[in-house]
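I'd like to ask some things about the structure below.
Order as written gives the chain letters A, B, C, D, E, F and G; numbering starts at 1 within each chain.
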């Protein structure tokens, strides 16, 4: 949708949505939120941006192809699940440690994996559909 | 029933109006307006329920909804723009 | 005292949501219905959010309530704009009472919008 | 013995290689295998004749108490010798008959595999081992019958033989399993000692019927006889070997084998005698319909098989005549029929036709074959001084003891056709001028017929040669010591009179043959084969109809089946329990939630009336939003957020897709069946939920989660701690699903882009 | 409350099933979404209702009673996500199917693309050439 | 041990993820093969362990059962995982030889291993909801594999497959939800200790719901119609995987719940199972007879023979269950072999429509052997693995006095033989309507089929090991207390 | 943006991922940035003036929303529905994207008007009005109140 109003507003909203998404991800262990919800909001942010500014502009805001993110997200989740191996505990046993004064646990890392995977997968879908849609409206109108 | 619970009930009573528009149309944008109204009421309900339950966690629902729900309107608007208001 | 304020805010908020709801039903066409949701709806929700902020009297709660409010104010007009524009483009007819349509005929095939020659409103800063 | 069988199989597997090495001499080379086996089994003759059975057993599938076990007594030994002995000549014969055929290597392989299986069958002691071999003979014979596989007739005959014999085999399997269960053992040798138990068991009749079904189909008894003449599509070595000397006798073998256990009842004898006689007569009658050498022989085989079954039926009713008659006639038939088939093949091979009306004067150009045919024909006709005569004599003696007069009369009629056929077969050798350019075939073609027919003469002249083995066979079949002094000249008795009558009738029929032949060929009586064809046509028709009805391609129909079937099953379960559940909880509901619920339902129902797709998408938004609000009001903030987000994104996705589809199509109206199914299923779900609510809920899981969430999961959002920790594996699967969906969408659209069109 | 939920779930199920039985794939998808919602509500009800507090441990470490049953919530979250992934895939699948088959009507999609006469054990079957 | 038990999960998962992260195609091919090999090795080790030490369980996340998710390997699970490994291995070999570049670029190897991830997860999990999740994992992998390439037929089949699978997902979800609501438990061992107190009528009704949910996956009457509409569509390296594994997951789930949970009113539930089994057997084979296209015909055969597995479950005696388990294992091998072979034939003749095929007996006698071995095995003839499967079931049925289902079982065996005989006659014996130039068959493609064919023959000749294991599995299944004890640590 | 990054850092350090902590952090970081103002170039400084003018603007906006809602309420509740709807073209004097957008959104939230679209050459904003007996009056009042307010914030 090529409108000035949307284009301008979406710049703000994009940032806001991304911010909200990171928040929902990070505090999900204690308050409503979590990796999945966070990822959905982030996808919304990109969807909005793609809608207002076109797909190529939205793609520029992402360092790597979204589908690759799926692989990395799953890898993060897998690694977080495998940490317990070194402590001789069963798969996915939670391991908590402090890093620079921040308490981090494998479940939180796992949630980040969730975030990346869901984000990558859904974004890949949205981008894919936007790409095919780029041509269609002109033909259809 | 406390006042706030009554308010919650009152709030739900706005929904039939939205439903009417949603079903009645007559055009697709009209239905979207109905949905928009439902979203607004939902935000209000989330906020109100944060009062009723005494749990501020429900405010997060309101926040997420406030920032996200209009995306649906945008998506539908794009459809309407190119494909007409009759739905197909 | 706080309770009363909260009740008042909630009541008024719900009142305006009702206005929006009735407007959505009663208004004669899409464009007028959108007035109802974008204004009365926003206000109604806003008042209830304010009520939450008042009720808890905590910084964090107030901040969350008010940011929700800010988000609504930010998004509601954009949504209305997008929907109204799309509806007009797709040919949703305004009601018969419509007094004037200066937009008619200015959308081009590719959805680009022409401007009309019109005197600019007199401006105090300019005059 | 086990080793002999295994080496038979292994030798068979080497056959294609041997064929590649030896080429046209492979027949002679490969005959070494059956020959050495013959020698081996012959070496066991003294042991067996002395009354010592040989038994070998090795554990096979201990879990099922199934052994790989073999048992050799007189009956098995006679069969083993027939199989390997005739097999030797058949292999040699094949080398000449199919010389240069492209499929010859495969043929040797399958033929020898058949021989090994057949050997295994007659030697098997374990019921499962026996069945395995039984089915192997069906399979190999399928491949052999279909040897001329480019002809539809051959394929049809092969399929038919497989269908009938394997079908019987399956019944046999059930029967044998029942027998094993009744007797408490998988070993036949052990079952034979438990005849009493078996015969008095309530399942006796059932198992008997099943076993007989298996044996009758395999041995081409009426009304399953029709597959055998059709199987003559096979090349002659197959007909000679499988369809006269060996495989078709598997059923006969089985009946003889089980006779001591199952025999001795009224039903056993009467059934076997009735079916045997019917088969004898059927085979005899249908002989008149044909002029094709192999067909004639095939019907004669059917008749002979009937005679053998008839004989087994008489075993318990006679002292020893039945058993000995069976033993003698069995050997005689194998020798003369094997020889005749091979000779017929040789004639066909040399003269180019098998139609007896077109053959003439063969004796002068094919003297050796002629001698063999005459000798075999004598045996077929039951004339002295060959073994066929003795066999028939003893059978007549038995039937005079065991059968009513009308049966004897019919049997004479049946045997008489043997004499007729003997004439029919011999006459072309002497009648008319010799054909041009026809000459005696190579030794491989005449060796078999000559030796087999010669053996018939030899044993006929000196029955003492066979007498010990015959007694051993008879003992095995009778289940008690049985012995009879075989002699070529029994003296004047009633049996001899019957023999004379037989020959007289046979000669008389010979003169009627041309007229009978013309009459029967012109207007064939519908037989069981018509039933078979009708059955299979019906089956295929039914299949096609089922396909149209069930597999219509309509997704809706499939779903109706699913929902309807499920509703039916669940409804049945609820009905048979008798009571409809109703929870005792209060039905009080928070008014706000009540309004919400009512609106959701109302909205969902109203949306059904919309005639626009995206309108429906928007419309069901009320359901999604309602669910989210319900979650909210039920204290589930995470769920509420997720529900809203997902609803929104779904709507966006659908809109994005519909945007690109130009021709979405109409919104079709519903049908009453859909409505009924939907309502039924909805009702079922409601009932199930009400039932569920009557059960008390255990909260042990949620209590644990609530307690451990913060102290051990280090998170205050219990739902999130469940998702990433307590039940993190669920989430792992879940994100895999999401990732896969992304991958799928990518794959779907990537293709779309490459094509460059929407 | 739970009892009424049973009827709500049943009603939504009926609507969902009805929509899934429509030949049009978009309606099928909508039906799936409705049915999915019904299933989620069912699981939610299965954990029993009647709570006063969300499943959050208070910052102080106490758990307020009666707390909402967190397990069904976690299960439903998983189910929602999976359902969403399925729906997203389905939307695109139908899109793609429409592009290739030129219809969204499932009834217009035949079972097989080409006729293949079945062989018969009694009659020779040949392909009919038209 | 605790890690050995999850290796059948971790290996395909890691392989799948690495295939996603690594873009290079040769690397993916190597990964695909290595992953399959690793899975097979892990599966063998697991089976050995289970056989030596009894049922093994591991509490994922170190949360005690029934609170966390438990992974359990009993004989049944370990056997299923083993055959999964075998089929995976063989299909991987076939795919390597086939070298379908477009599909490989679209993530074929990753998808295959995610499918295996889901399949093994389903076999090993001890938690009902977790089972749902695994079902979805394997479903989505299968959807994507199904449409990979996006041909007309694939999309047509894909739509139906997808639609029906959605339904099965929801049904499963509903069933799990109801069972949870009635017992408060999700862990299957925990459930087993609690279902006794559920009202019998409700429990039977829930059992029927599970029958529907799993029956849709297993493709039994009246839920099978989707399968023949979809399985023939993708290339055989995909449909062989489906045919070998996916329906068996449904069968596995049915066996699991109908031995562990729904054993209160067997007079009703297991009678229904027998009816379903009988109708599946008959209709499947009948519809197979109506087919003139090989892959579709095989799909109906696949459906039909699922009935055998249900038959053993319905009879519910040690021998019968052993038969079911053995049948499932045998069927995975046989049907995968036949599908792969169909692919080979398609390559050779350019079609799988039977009337257009022919002449292969002359040109490719070894292929004929490779067809006949699994075909006869499918029909339950000796000396192939299928014989022991059917023999066990028939014997069990006769022992239990279930003569009707035994009759059906035998009849279906006969009709299967007829159907396979017709295929052989058409594709191998008949002269082709149009002469085709026999091409060399790549050994890489023949090898997998040969392996499977030899396996069915090998098992047929030496059935004891697998039958013994199946018997052990059956005994475990009939004594749920052993399972419960292994999971919950206490005998109740 | 930099402010946000700093804030996230704050939250990491304080180990509290709550919105309130974010706001506290945001405020603290803002103050720090304010102190460091001399380090930034001119356009960045506008950030701080904006922070000052914004509250006034927001107050105005809120008030306009209340007013407009009341007018809508009047219209909705009156039995005769006394509306005179119409589409009018509003000539823009503001130029930048941000200004136009702000104005358009404000117009939507204020009495009786709803922005539909901006012409491609950005000269005209098309507005749907509920009470447009006199279009020119609407244009004039909007210009005087709203456009002025927008300019005040942005310049």
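We adopt the following convention: a residue touches a chain if its C-beta (ideal position, glycine included) is under 8 Å from a C-beta of that chain, and two chains touch if they have at least 3 such contacts.
Computed from a predicted structure; not experimentally measured.
Contact with both chain B and chain E is made by A, D.
A simple rule picks the central chain: find each chain's mean C-alpha point, then take the one closest to the mean of all protein C-alpha atoms, which gives F. When the C-beta pairs in contact are tallied for A-B and for C-G, the bigger tally goes to C-G. Look at the CA centroids: the one farthest from the centroid of chain B belongs to D. One simple way to say how far apart two chains are is to compare their mean CA positions; for chain F and chain G this gives 62 Å. Our note on geometry: chain D versus chain F, Cα centroid distance of 26 Å, whole angstroms. A separation of 68 Å divides the Cα centre of chain B from that of chain D. The distance from the centre of chain C to the centre of chain E, each centre being the mean of the chain's C-alpha atoms, comes to 36 Å. Looking at chain A, residues 1, 3, 5-6, 9, 13, 16, 30-33, 36-37, 41, 44, 47, 67, 70-71, 74, 91-92, 94, 103, 118, 121-122, 125, 128-129, 137, 140-141 sit in touch with two or more other chains. For chain D, residues touching at least two other chains, in rising order: 152, 159, 163, 540, 543-544, 551, 553, 555, 559, 590, 607, 613, 635, 637-638, 641-642, 645-646, 648-649, 652-653, 656-660, 664, 685, 687, 689, 692-693, 697, 699, 701, 705, 716-717, 723, 725-731, 734, 736-741, 743-746, 748-752, 758. Residue positions 13, 20, 60-61, 129, 133, 136, 140, 143-144, 147, 150, 159-160, 163, 167, 174, 178, 181-182, 186, 229, 289-291, 418, 421-422, 425 of chain F each touch two or more of the other chains. Shown are all chain pairs that touch, namely A-B, A-C, A-D, A-E, A-F, A-G, B-C, B-D, B-E, C-G, D-E, D-F, E-F.
Per the touch definition, chain G reaches chain C in the complex via residues 18-21, 23-24, 61-62, 65-66, 68-69, 72-73, 75-77, 81, 83-89, 91, 93, 104-109, 111-112, 114-121, 123-124, 126, 128, 130, 132-133, 135-136, 139-140, 142-144, 147-148, 151.
Listed in rising order, the residues of chain D touching chain B in the complex are 590-592, 595-596, 599, 602-603, 606-607, 609-615, 618-619, 621-622, 625, 628-629, 632-633, 635, 637, 640-641, 644-645, 647-649, 651-652, 655-656, 658-659, 664. Those residues of chain G whose C-beta lies close enough to touch chain A in the complex are 1, 4, 8, 11-13, 15, 17-19, 22, 97-98, 100-101, 104-105, 115, 117-118, 122. Across the complex, chain B meets chain E through its residues 53, 55, 57-58.
Residues 52-54, 56 of chain E are the ones that touch chain B when the two sit in their complex.
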